[in-house]
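Two complexes follow with chain A in common, the first pairing it with chain B and the second with chain C.
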Partner chain A sequence: MTTITFYSYKGGVGRSLAVANVARYLAGFGQRVFAIDFDLEAPGLHYKFALDAGNGAAQIKQGVVDYISAFRTGGQPPDSLSDYVVPVETADKEAQSGKIWLMPAGSVTSASYWRLLAQISWHDLFYSDAAPGVPLFLELKQQIEQQFKPDFLLIDSRTGITEVGGVATTVLPEKLVCLLMRNRENLDGAREVLRSIKRVPRLPGQPEIEVVPVLTRIPESGEVGWEEEVVAKVHEFSMNQHQISR
Partner chain B sequence: MTLNVDQVFVLHSAAEPTVEMPGAESPLLRDYLQLFTRLVPREVYEPHLARMRQPARPERFDVNPIPHGFHSLTLHLIVDGAAAYIEFLKNAFGAVEIFRSSRRSGKVMDALLKIGDSMLMLADDFNREFGLLPVARGNLPFHINLYVADADATFARAVAAGAEVTMPIGDQTWGDRYGHVRDPFGFNWVIATRKENLTPEQMQKRVGKALEGG
Partner chain C sequence: MLELLAIAREDGWAFIKKDGQLILLKPPYRDSNLVRVCEDIIEKAVSLHGFEPIHESYPGWGPLVDFLRAELAKVRQSKLGILDDAELKFELLRDAPREILEYYLHRTESELIPNGEWNAALDVLTLLMRVDIVRQDANLCQHAIALLQKCNAGLAANGRNRAELTAEGVVRLFPGVAQKYPVASVMEYMRNVAERHQVMPVGA
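And now, the complex of A and B:
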């Protein structure tokens, strides 16, 4: 299983859409794909999989927030993920199609979702003595691998610099797709994230995270040479990351 | 410690707001395939490239690159006396005349017939006007017409495989992206993509103008 996290410092760069598109393409290649929505404060991945209406909405009962809450109350994670995962219809029935599963943030249209989310103490999870947060998310990753046997785990990380975002960008993935819009705010923010990724130690035996910068919302019909210039500038910026010392 | 950032990828804004489905040609397909070169092993996507680059679905575009009613391959016969031959085909095989464009002399520049579920193209010999070797001077009396979604790509591929360019690919007055090659075995191929739908009247007018230099 290859784990790929999609991260953006700011919202509105088309991150969830990219996760959904990559999932659909990979399924089109016959791959088994498990997608997970870690953008708990502004969840939306299920919309990109068209699970917001009809049967889909009814299907979504629980998700990541409920999983964490079950851990909080029970002291250990649930044994089976099946209550927290919904299958996604893959479009092309004729093609040899793979599979997509989604672990949504939760039933976001219910009041209980936001109540449960508010009750999660990120501080306790990540900064208390023997903080259980990182082991919990590693356990979740292992459960996904064992119970669904996906070829790819795609993580829709939340924006900014947060605890759960940190887990998604530093502990879990082999590859980190960093989505950027070409403005100073985005680029500076992404630079901070890349710096923080460098600071977080990997688990023993874990290879280094491969960072894949992606510029989004580039107009299809930009002026000739414009796009090349923008890409070159961002590339130069990204290359400068090499010179950041620990 | 390096972050291994050696390439910046691009997703164009045409991505939004819809989720693209595999199987349909997408302006973003190129972007994602580029991205996949870094994200997933080559053997994951490579076997699917040909299928994913299938022609655009007609409901998404006004002009079907393979015109309605055509199969990929259509025979284009070059006949001395094409008008008379059309009458023969009607009598013998129930051919239905779809379109005909003639010169003032009565010579058929371009005719399209339907026999059963297949199209048949035919014309008098205008090879010379197209810069091709006339039949009387030893050329074969037919072309194999191949309609594809991306004529330029197919053309380039055929040439790379050893076909000889006999008429460079270009935008033609009748609305096709169109060019000729002769394959190493001596057969003539037309490689074309429909770009613009013209009425028979428009086509007759434009083709006539082009061929008669008017």
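And now, the complex of A and C:
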């Protein structure tokens, strides 16, 4: 299983849409794909899989927030993920062999979702004595691998700097797709985050995280030299990353 | 200036005169519980309803309410033997109708237990189990016992996990992780995150 996190420092760059599109694209090649929504404060990946209405919405009963909550109250991770995962319908050509599953953030139209989210103490999970957050999320990844046997795990990360975003970008992935808009705010923020990712130690057997910067929402100006300028920006960004990693 | 004219110490009701107007005040002491009344009612209250005549003046509502609350607490302690908050809650629940008792069981099950508020849930359930109606009604009693067992299991699990999230705890709680990574490395990673107080170590 290859784990790819989609991250953006700021919102509105099309990150969730990219996760959904990549999932469908991979499924079209017969791959088994598991997508997970870690954008707990502004969940929306289920919309991109058209699970926001009708049967789809009805299927979503629990998700990541409920999984964390079950650990908090039960004292151990739930044995089975089946209650927290919904299958995503694939187009006919994809259905021949590929599959997509989604672990949504939760049932976001219910008040209990927001109450449970507010009750998660990130401090207790990560910064208290013997905080169990890191192994809890690693265990979730292992459970996904063992119970669904996907070829790819795609993580829709929270924007900015948050605990759950940190898990998605530093603890779990082998590859990180960093979506950027071409402005200083986006580029500086993303650069700082990517620097930190290079600093984070990896567990034995975990490869160094491969970062793939993707420039999005490029305005089509049609001016002479525009395309070269965009390419140069990406190149400059990539060179900076290369220097950082060394 | 407020003039306290009569008081029913057991329930905290009081007749007060303010600017020539007679006012009845009852707990909880809020503006909405201030009722203007006729002069003749106070006589009936004293002769028929156990109000005690009293003549004391207070500079404002604050000191007056403090006095009424203190009197109420004194009576509860001496006459009802209510010594603490739990006893007061029990007094309130003791004669509650079945629907109210069911409502508290339901809230305990749907709000406190799912949120891991084991001690708060235990407090409510312990009080409920002292109420005759709960003990004598097989359904209510079974329900309360089942919830008590859930609380005990939850508390035990929590205590165990907090105390034991050592290497053995990681192996027991996160078997998939223990199979994939050396547990000592996972423990070191956890320690690093906790020490720097950042999952993603941003900034210099």
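The definition used in the following text is that the second predicted complex is superposed on the first by the 232 of 246 C-alpha atoms of A that agree within 3 Å, B and C clash if a C-alpha of one lies under 4 Å from a C-alpha of the other, contacts with A are read in each partner's own complex, and residues count from 1 in each chain.
Rule of thumb we're sticking to: contacts are C-beta pairs under 8 Å (C-beta built on N, C-alpha and C of every residue); 3 or more make two chains touch, one makes a residue touch a chain.
Treat the numbers as computed from the prediction; the structure is a model and nothing was measured.
A.B. asks: In the overlaid three-chain picture, which partner chain does A:143 touch, first (chain B) or second (chain C), both, or neither?
C.D. replies: It touches chain C, and chain B stays clear.
A.B. asks: Just to be sure I read the superposition right, which of the two partners does A:193 touch: chain B = first, chain C = second, or both, or neither?
C.D. replies: second
A.B. asks: In the overlaid three-chain picture, which partner chain does A:1 touch, first (chain B) or second (chain C), both, or neither?
C.D. replies: Neither partner.
A.B. asks: Touching A:213 in the superposition: chain B (first), chain C (second), both, neither?
C.D. replies: first
A.B. asks: With the two structures laid over each other on chain A, which partner does A:24 touch: chain B (first), chain C (second), both, or neither?
C.D. replies: A:24 contacts chain B only, not chain C.
A.B. asks: Looking at A:72 after the superposition, I want to know if it touches chain B, chain C, both of them or none. Which is it: first, second, both, neither?
C.D. replies: In the superposed model, A:72 contacts chain C only, not chain B.
A.B. asks: Could you say whether A:163 touches chain B, chain C, both of them, or neither, answering first, second, both or neither?
C.D. replies: second
A.B. asks: Share the list of chain A residues that count as touching for chain B in one structure and for chain C in the other.
C.D. replies: 197
A.B. asks: Give the list of chain B residues in touch with chain A in this complex.
C.D. replies: Against chain A, the touching part of chain B is residues 1-5, 7-17, 19-23, 27-28, 32, 35-36, 38-40, 44-45, 47-48, 51-52.
A.B. asks: Would you mind writing out the residues of chain A in touch with chain C in their complex?
C.D. replies: 69, 72-77, 115-116, 119, 126-136, 138-139, 142-143, 145-146, 161, 163, 165-167, 169-171, 192-193, 196-197, 199-201, 203-205
A.B. asks: For the complex, which residues does chain C have touching chain A?
C.D. replies: Listed in rising order, the residues of chain C that touch chain A are 113-116, 154, 157-158, 160-162, 165-166, 169-170, 173-177, 179-182, 185-186, 189-190, 192-194, 197-203.
A.B. asks: State the interface residues of chain A toward chain B in the complex, per the touch definition above.
C.D. replies: Against chain B, chain A makes touches at 2, 4, 14, 17-18, 20-22, 24-31, 48-50, 91-92, 94-95, 151-152, 175, 177, 179, 194, 197-198, 208-220, 227, 231, 234-235, 238-239, 241-242, 246.
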